[in-house]
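The data blocks that follow each hold one structure.
One chain, subunit A, appears in both complexes that follow, with subunit B as partner in the first and subunit C in the second.
Take a look at the complex of A and B:
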């Protein structure tokens, strides 16, 4: 039976034995969990229990696409990576743009599930329905750029798409990422460390097939209309010109730009490092598969200390993490740091936060001056930043401590350091200060993968445009809904964002190009595209239930790992130290009020934060209710 | 001495920086001028993309425009807000995300 929108098969690769199996995709699984993080969540729930260490052979590593991956739907080049996270010790996932996801489907597979641990370094090569493990001994130790090039050279095909890890993944740096062709990353939650723990250096894929659609004509109509709306959106020129780095000025003015490890919410020198300053180094606008926006920029330094550096995906979070976060206004060093993180294979958000944490501990005298192998920990010392990135990836000297992430660093250094470890559930907080936007404060807490802005992605009250907010939620929620400092209605938009995000990540397309940023695709559009792609008579309401099902199962997985309301909190700084900057000045995150309302909306127990049996039954998650003894 | 004029400074980011070619400038306006008078002055001065991004519809400024005065955001349709001598304004197209 043709499963429209899907390849209809996936690979199971046992790295311990080297056995590779092709499995038919269950149509019920597809309809219930859609794809991407939906598939991965279900697999973790079914196969990776709380006794499994994230870096042990018992963890799974899932690379998954969705029914819109590889189609003409805007931004349908996304790949979802799912595993138990070595940062949180619970649910983890990460999402990447690029071209790998579509290529995997063209090769005939919706996803690849890795289990076990290889006895030696290997990479998996997939081509048109076939897969084989190949020796990667000569690739081990190499950076992601060289690895990608060598694999293409070995296989004699310049169009092969890869997922690769660098030395950070090999060395089990807990926030190691996976780099995805071309020059994109599955950055968060330490997926690269899981890959490294399996001695899996890379996955390479080449496919010459396509994606079958139930109603190609209708799908084409919807696709073209969506592309056109995105191109006509008022934000399109700005996002296309500057990418997310173009947000830097506004985020500073609103006091949401974490500066010096969140001691400040604005960086006086931000004009030196924002998208406008970066523009002089941009040599090309880069688009992922089927993307009308091209928010990614190739950046090259032709002179100065870091002459010859070429990098891409230098986004707002890079500017924040290696710039304001450590008090650094030297733009070229941020470009260099971005390149290093990509090549070494590390999440730039977490990497930057470990350095800013160390610098604040130095500022406060909590660690001695010679703590960092003799490196000067003064704010803004970019040579120290670059040295620490390398030391972290290689676990050299103090880098061995940074490689553990800020939560474990604080445990090692001592309780006096803990208040300055900016994380939630072990994952470092991105450059989004919730004290300047209440919904973001809540979003970091309720994210299922630890601190994160991209699960709920509350963009609608960030700048507070009334018209998109009214269109999406209705006039009755104005004006509080678009006031970033108001708590009213914020749990609603966080929940809605999380459910929508779960569906977008499961379907296989982008959150920048049309959904949350340049927001032209809503629940109805998503349902329409899925109807035409799959032939299902799926409604927006059914889709909302699917998003809620995926998110609740992720929550149940975390509950299974001992996480609940007690862990749904923020670092003390966010709750008790008023933001000193911008329009966020004087504010803290009013978490408890929002959290109560959020739990009520979710149907979770107010005291424990555990989903109620009734809500799980409504979502068809009887097995989760049983397993959690609800 | 009352000259009947006020001077405001305007800082530009993103598309406005690109279109004006400046990061900052001072603008002289008649006393009692409103934001609308400033945006019309700028649209007339630069034309092109500046005029396009500041174009009014039904007497309102575009909803994607964000104008800050002395560090505080003005209302979403700030056209009628009266400006004062020495005001420091920021004009940008506000995107969200990150």
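Take a look at the complex of A and C:
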């Protein structure tokens, strides 16, 4: 029977033996976990126990799509990557735009599951139902751009899509990323290091098949309606014009722009590095697959110190991490740093945070002046920033320490440094200051992959516009819902956001173009699209349960790794040092109040933060309850 | 008569046109069976949506041994007859642009038929890179765009070159 919306098969690749197997997709697994992070979570739960080191052959690396991947549903080009994270030592995933995900489905596979470790560098080539491991010894050591180009050249097809790692992944930098065709990344949680640990340099794919739909006519109507709403959304022109970097001014005004390693919530010089400033370097708007927005901008420097630099996906997070985060107002160096991070294959958020951590330790005299191989650690020294990025990727000198991420850096440097290591569960905090937006403070903590803004993605009170808030949640939560400083109702939107995110990441589409930023697709729309694609009579309620199931299993996986309420916390600064900036001035994250309410909503034990047996049974997770002895 | 006018500068490379086309032509989401393709030179940031030009002198129709390709009176599109096409592929050899192809699952030639006058690639294109416009106007628009470049050059010359 055709499983509409899905390719219906996936690949299992044992890199130790070189054995490749095609597996039929279980329709029950599909309906219960949808795809993407749902499939990945289940695989980690079933196969990667707490005894497995993330960088050992026992870890899995899963590249997964969902039932809406490769369709006209807005932004259906996403690829989800799942593995145990070398940063948190527990659940990890990362999501990328681009064109790889759809191509994988067209080649006949919903996902690829890697296990083991290859005896020599290899890459996997997949084409129309076939897959083969190929020698990558000449590619080893090369940057991601060159690797992609060489693979296309070797196979003689410019339309091949790749996932590649750079030197950072090869050198097991704990926040190494995977670069995805073209110029996109699965940035967070160190997925590139897991790939490097398996000596897997790249995955290349070409497919000429298609995705069948249960009701093509209905699907077309629903997608066109969604596209029209997105194009009419009030944020659409801004996001198209500036991309996420356009947020910089607003985030500064509200005191949520982490500056000098979160010592400040606003950067005086932000107009020099925000979306409007960046615009003069923009040479092309680039869309990911099936995206009506094209938030991605290709940026090129035609003169100056870094002349000839071309990069894209220069997001708000780049402006924050390599800009305000380190007190740097030199925009061209941020462009250069963005290109370097992509080419070396490193998450720009974590990379920037390791540098800002070092600079704050220098400022406070916790490390000696010559600590960083003689590099000057003054705020805003962009030459130091660029040098540290290269040293980190190559693990040279002090870079060998930075490559471990801030949590391990603090362990090495000493306890007096620890309060300035800005992370949750080992993953560095991105460019949002929870003290200026309470929901974000909670979101950083409850994210299943360590500090992260994209799991709950609370955009409703970030922008504070009433109409989208009322449209999604109703009048009864107003006005606190859109007040970033109110804690009331915030656990509710964090939980709802996490569940919806789990479904969107499992279905295979984007959180900017359609669901969270330009928020025109809600639970009902998602259920409608999945009905038309798969033919299931799936309701919004069933979908909510699926999101909750995926999120709870991720939580259970973390519990299995010793994480609970004690680890659901923030760096001391966020809880005790009032934010000095913008409209967020004078506030700290009121975490414990929100956390209690969040646990109640989740049906988790208040003291331990462990899901209750009752809630797990409701979600069909009996096996998780048994394994955790609940 | 209207034509598909393509402006590659506006194309973001999202490939929604390919999906919309394949859904109508083949009933699946399948770029490989789309009659329009977004050709990409990624390193040069160039995206070019490419499809049948509906040539005045159509070699595909001329070489067809069973006269399966004929011009639609209403739209001006060259349309492949499902009843007549043998799937021999001679048209694909004759076309200088590769915009008519054999659809393998169908076993017949497949090319843009302008969706009978409501092209779906135009409906779904979010940037206006593909428009469906009267021939006279599309030609004039292109001349105006070209002339604009000349005009700015002339201004430079008259102003004594770049300052």
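Convention: the second predicted complex is superposed on the first by the 630 of 630 C-alpha atoms of A that agree within 3 Å, B and C clash if a C-alpha of one lies under 4 Å from a C-alpha of the other, contacts with A are read in each partner's own complex, and residues count from 1 in each chain.
The rule is short, and it goes like this: contacts are C-beta pairs under 8 Å (C-beta built on N, C-alpha and C of every residue); 3 or more make two chains touch, one makes a residue touch a chain.
Remember, it's a predicted structure, so these values are computed and weren't measured experimentally.
**Student:** Does the superposition put A:100 against subunit B (first), subunit C (second), both, or neither?
**Tutor:** After superposing on A, A:100 lies clear of both subunit B and subunit C.
**Student:** Per the contact definition in the header, classify A:286: touching subunit B only (first), subunit C only (second), both, or neither.
**Tutor:** second
**Student:** Of the partners subunit B and subunit C, which touch A:298 in the superposed model: first, second, both, neither?
**Tutor:** Only subunit C; A:298 stays clear of subunit B.
**Student:** In the overlay, answer first, second, both or neither for which of subunit B and subunit C A:357 touches.
**Tutor:** It touches nothing on subunit B or subunit C.
**Student:** Thinking of the overlay built on chain A, is A:208 touched by subunit B (first), by subunit C (second), by both, or by neither?
**Tutor:** second
**Student:** Name the contact category of A:604: first (subunit B only), second (subunit C only), both, or neither.
**Tutor:** neither
**Student:** In the overlaid three-chain picture, which partner chain does A:317 touch, first (subunit B) or second (subunit C), both, or neither?
**Tutor:** first
**Student:** Between subunit B (first) and subunit C (second), which does A:216 come into contact with in this model arrangement: first, second, both, or neither?
**Tutor:** second
**Student:** Give me the intersection of subunit A's contacts with subunit B and its contacts with subunit C, in residue numbers.
**Tutor:** In subunit A, nothing is touched by subunit B and also by subunit C.
**Student:** What does subunit C use to touch subunit A in their complex?
**Tutor:** 12-16, 19-20, 22-23, 26-33, 40-43, 45, 123-124, 126-127
**Student:** Once bound in the complex, which stretches of subunit A touch subunit C?
**Tutor:** Counting only subunit A, the residues touching subunit C are 70-72, 99, 106, 149, 158-159, 181-183, 207-213, 216, 220, 224, 227, 231, 283-294, 298.
**Student:** Per the contact definition, I'd like the list of subunit A residues that touch subunit B in the complex.
**Tutor:** Subunit A residues touching subunit B: 234-235, 237-239, 241-242, 244, 246-247, 249-251, 253-254, 271, 274-276, 279, 315-317, 320, 430-432, 453, 457, 459-460, 462-467, 512, 516-517, 582-583.
**Student:** Can you tell me which positions in subunit B touch subunit A when the two form their complex?
**Tutor:** For subunit B paired with subunit A, touching residues are 13-15, 17-18, 23, 62-64, 66, 68, 71-73, 76, 90, 92-98.
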